[in-house]
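Common to both upcoming complexes is chain A, partnered first by chain B, then by chain C.
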Partner chain A sequence: MNRHTLFGGAYALAFFSFLFGPLVIMATTAFNSSRFPRVAPWECFTTGWFGELFGNARLMEGLMNSVIIGVGVVALAVPIGLAGALALSELPAKLRSMLYTVLILPILIPGVVLGISTIVLWGQITRGTGAGFLYNGYFLTIVGQITFVSAYAMLVFIARLQRFDATQTEAALDLGATPGQAFRKILLPFMAPAIGSAAFITLLASFENYNTTVFTVLSESTFTTALASKVRHGTDPSLSALAVIIITLTLVGALTNEAYQRRKEAESGGRASRSPLYANPVTRALTHPGIVFAILVTVIGGISYAGSQYDSSVCEAAVLQEKLDRQEELRAEQRARIEAQEAEQQSTLPKSNSAFGGAFGGLGGGTPAPEAPAAPKPESPSAFGGAFGGITAPKPEE
Partner chain B sequence: MKQLKLAYTTLLAKHGMGAALFIAIAVTLWVVVFITLPQLSMLNYSFRFNLPVDQLGTEADHYTLEQYRSFFFNADGSFNTLDITILIRTLIAALIVTVIDVLICYPIAYILAHGAKGVAARLMVIGLIIPYWINEILRAFAFRVLFGSTGVVNTWGMQMGLWDAPVDFIRADVALYCGLAYAYILLMVFPMYNAIEALDHTQVEAARDMGSPLWRVHWRVVLPMAKPGIVSGATMVFMLTAGALAAPQILGGPSSLWFTQLIYQWFNESSNWPRGSAYAVVLLVTCISFVLLMMRVFKVSVGEIGK
Partner chain C sequence: MPDQTPDRSVLLDHVSIRFGNFTAVDNANLKINSGEFFSFLGPSGCGKTTMLRCISGFSEPTEGKVLIGGKDMAGVGPNKRPTALIFQHLALFPLMSVAENIAFPLEVRGVSKKERRKKADELLDMIALPGIGDKKVSELSGGQKQRVAIARALAVEPDILLLDEPLSALDLKLRQHMRTELRAIQKQVGVTFIYITHDQGEALTMSDRVAVMSRGVIEQVGEPDRIYNRPRSAFVASFVGENNALQGVIKGQSGDLAALETPMGTFEARVGGGRKYKAGDEALLFVRPEQLIPGASENAFPATLTRQEFEGATNHVFAKAGDTELRISMVNAGLAGSLPGQGESLSLGFQPMNATILPVGHMASES
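This part shows the complex of A and B:
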């Protein structure tokens, strides 16, 4: 048995390394000053990519659009999902499974297909009725996303409804409540936590969606589509900086939620007084979700402030200087090689005009020098120099 | 119809006029306007010519099979092997990704359901969910950082002397497969976990006590129980992988197109909407028939998906 536990632990470790490894590495690249997102070679610790991220106007505009669309989607998808879950709970078995299949289908249909079908339908409606105002990126994206996002909300509500005790509603009706009152006072309050989590999930789904949105958003852009076009057209570490921000937000949310769940469980289970963590007034206060959240926010705020004050320009200048030195070194090597080559040619071709070749060779090695600081690529001067050397050497033969 | 009316009266009696009307209207709107009409409209569009706006509704605007014909055949009548190959390759790749996900998720689902307890189990659940909160684009980007020519995998591989020159993992589609398998792990683990958790652990212990080796315990006791979960997860992963657009765009090699990228090109680069619609219908029909076939093979019903 012990061997199996060991194997299980090792497997779980490998599995979670696969889950978190890429994220950790991506997050690390956000602090490397190299223009290309990479860990090695490590150049300088920098926080400059965060500034570059916030300076990206297109992403920030997309963020604004995403918020507008997200609010619209949540406002519509949550009620629709609730209606779907309630409708399913009352249908006879056969009809129920049929409706369930239809409603769950949008999750399975490729997002590309949903996006296309949405713009095709509303394009036709616009042409048919002349209602041009309907044909804009915001409206179409909201409509396109609702189609499948509502199904996510519905799944959350179905899970919650399964735990609903219908006798509560019956009791309310027996005691003289109208069906409407029973709905508002019994069922809706019972569904309240699910409404919260459904709203959260729909917001996240709307925010993250790419496949549908890239078609329906037309000429506008959301955060995710702007991000995708940035990734496709060349990458730089400011995207890693974005990942750091999102991962941090996620961790704060997860830890706060965990503190909240633990506390609720401990209190409802009557274990609150028994657990030493909740018995001691100090630790009890410290594990309060609000306090946990406040501590995390303070720590992160402090780190961000310290980071924003950090100046990596000295180190970056040093790295640049190092590169220039290395380049100079390569060039010297190059020159030495060319000279050696010429000397060899002179000895093998004694009739050639050696003064001419020597002057060209010297020029070839020397000309790239004034441009060099702008282009710190060690390979390019050597190729250049090599080409010159190659041209100059055969010339005297003519 | 009669049953619908009956269901409506039940709702009316239970929740009152306002709630019943709300439910009826919202569900009708969802099913008709958001789900059915767009699909029909796309289907209709795929049977038309790509005409400029001023010719719409004129005699030139009639139904045609031209768009579908051009998927199967070239202009000279030979098979359009290019597009057909892309479709088949997309399906095979999606299948491979699905199988990878089943294989790597099954042990984790089993450990989560029967091995891990208390804090460890909670941490595992949180650990599974957190990567899923990171934007899809950024997850793909992470794999590009990982597998780039100066990425971590190449650097370490060369340092350890496994290979000499940087390997182009992007061109070899390794990055794409990894990225896709990574993206949908959660959708595979949770249905599996739900199915396996329903298994009484004493059954596993009984089988062990009777002297059954570990592989047979899984083959005869755990797997039959996990089957609906596996099929449900596999269906979701397969459909989402076949319909993925972002990951192939970011991680795909320059020579291998995903079928969704083809559709994207017809819409956004060639502005040929009817052709794009026809290709979308081809993708949808192929994927759904494939999934239904698989469900028939494994004897599982659609109603079990998403549970």
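This part shows the complex of A and C:
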């Protein structure tokens, strides 16, 4: 029994570190002033990467585009998905399974194919009809994403519709409702939670999509495509700052939803009166999902404001000074040694280059660079770079 | 005055309903009178719901016509017919409160919110559930849901109320209570009730008239006592109430009475449905358990007691005569009376007028 719980605990720990370890590390690097995202060595606590993130014009423009495209996709994909699900539910079983496969197909087709075929198709259509103004990144991305995102929405609606009791609609008709009234007053309220989920899922799918969007967006960029091209040029901690923001938003959403679900369950199960949490008017008010959300937003807003006021420049200047000092020290050492060597060379026979290189490589802070120090010049840029890189970042471009 | 009451009759004019090759309702032809409590009684799958959906407008007859209040209903949708249907599982709207449910018919007719609430409260008073208007449907008990469904249907102010086995989900006590209640509501509102059930107890106790159905065919229409006492087919005789069936050959007929020769002897009994038989015709004789009387002199035959089931007021006694097992009901005579013991022989008999001779046909258990 005990060994079981021990093993279970260890397993759970390993499992959660595997799941959340990378996230925790990444979130931590967002607050380290080091130009390369890392936890150790810790240089300075900073909130500057958030500023850098918001200052990135290309990312911010992409974010705006993503929002516009996302809203367009949700507005079109949700009704299309709902209509598809309703149509399927009306069909005889045989026809239904056939049409289902057809409608699901866009999910199975690679996004790249969807993207390219969207450009090709709409290129022809717009050129053929003279509607050239439609041939732009926004329109193409919206229609391109809808091809498969509406299938996601449809799956959500199908799942919900399967639990719908069709006699509800019949009862409404029998009681005098027109088919339109029966749809609005009976079916639509029943579908409301699924409409919410579908809107959320389609928004996320649109937002995070890369494979299709990278083609259809043409010369524009969405947040995801801008991010991808930024990462291709090397990563920096402003991406970690982005991760922190996304994690925070997810947590706020999850906690609010949890508060909402628990309350609903307690109320429907009649436990509301028995649970002390819901019986006490103060705690009852505090656990209201709206209040939970407000508290979280206030706390995060406060932290963000405090963070924006935080100034790490003194610490950073100190670190920079330290680096420069170290650099100067190294240079001085180097110079001293070269001088000593030159003196030695003049007095004795010249020594082999390899011995020189080995000694120099040791200075570089463990970066084995057998080739670099081959140049005997004291101010050689490669030697300087190797030494400097060891202290700051192994990224030659940064 | 009489021309002010609307015509609330339903006429089924040679109605047949088919699904592909399968005939669910076969040539139904009958008139349900204005203000009547009319039941369709039959085993599960005999076409009762199909018939009801056809009257309420969810399906059209394949052949024949449905007339409500004298008007042909062909092409008139369920929301345009003066009918209201209470579904087998009620189909209350779970996302609405009780009052919103009841007022739904008014809402879709554009009645104002205040007016709707007033009407809902009136109807709640009528079904003896005042003050529950703001509850959720899920908070109601089975019997309350039942009554709310009735109130909602009555809010339509229908001429015809159609009920599809509405009591089948309730427990026995509540079911019996609701029978009385339904009958009282029907008397109060004067609406024609068309009631569907597979429970003969419900049909016989509540109805003005009953139609017994089997395999899509209406076998007999009549008042409950006539259905019970004067069955016109082997199916009705075996489905409504308990019955003993003896098969035999007709020896002769004189007027209402005929003689049937069976392995247990030759018996005289009333001819069902005014039919005429020739000597040698195969026929069935039905005699009810309560009509088999020990020691009776007419139609007497010997039998042996096999077992008894005690049920309080009546006891069910089983006896064997030849190869035939017979069921006998005996009133409990208390301590003063005495019941024959197991294995005892006794003489049974019945009055010719209390047994029915019917042509051979399918019986309830084979349906």
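In this section, the second predicted complex is superposed on the first by the 335 of 398 C-alpha atoms of A that agree within 3 Å, B and C clash if a C-alpha of one lies under 4 Å from a C-alpha of the other, contacts with A are read in each partner's own complex, and residues count from 1 in each chain.
Assume contacts are C-beta pairs under 8 Å (C-beta built on N, C-alpha and C of every residue); 3 or more make two chains touch, one makes a residue touch a chain.
Note that the structure is predicted; figures quoted are calculated from it, not measured.
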Clash or fit, chain B versus chain C on superposed chain A: fit
Chain B versus chain C as contact partner of A:303, first or second or both or neither: neither
Touching partner for A:134 - first (chain B), second (chain C), both, neither: neither
First, second, both or neither for A:332, with chain B first and chain C second: neither
Contacts of A:13 with chain B and chain C, given as first, second, both or neither: neither
Partner chain(s) touched by A:178 [first = chain B, second = chain C, both, neither]: both
Comparing the two partners chain B and chain C, which touches a greater set of residues in chain A: B
Partner chain in contact with A:112 - chain B first, chain C second, else both or neither: first
Touching partner for A:100 - first (chain B), second (chain C), both, neither: first
First (chain B), second (chain C), both or neither touched by A:294: neither
Lowest inter-chain C-alpha distance for chain C and chain B in the superposed arrangement, angstrom: 9
Intersection of chain A interface sets (partners chain B, chain C): 178, 181
Complex contacts: residues of chain B adjacent to chain A: 3-4, 6-7, 10-19, 22-27, 29-31, 34-35, 37-39, 41-42, 45, 53, 56, 104, 107-108, 111, 115-116, 122, 124, 126-131, 133-146, 148, 150-152, 155, 182, 185, 214, 235-236, 239-240, 242-246, 249-250, 260, 263-264, 267-268, 273, 276-277, 280, 283-284, 287-288, 291, 301-303, 305-306
In the complex, chain A residues that touch chain C: 165, 167-168, 170-178, 181, 185-186, 189-190, 268
Footprint of chain A on chain C - complex, ascending: 56-58, 77-79, 83-85, 87, 89, 91, 93, 95, 104-105, 107-109, 138, 152-153, 155-156
Touching residues (chain side chain A, partner chain B) in the complex: 4-5, 8, 11-12, 15-16, 18-23, 25-26, 29, 36-40, 79-80, 82-84, 86-87, 90-92, 95, 97, 99-114, 116-118, 120-121, 124, 127, 143, 146-147, 150-151, 155, 169, 178-183, 187, 204, 207-208, 210-211, 214-215, 224, 227-228, 231-232, 235, 239-240, 242-243, 246-247, 250-251, 254, 258
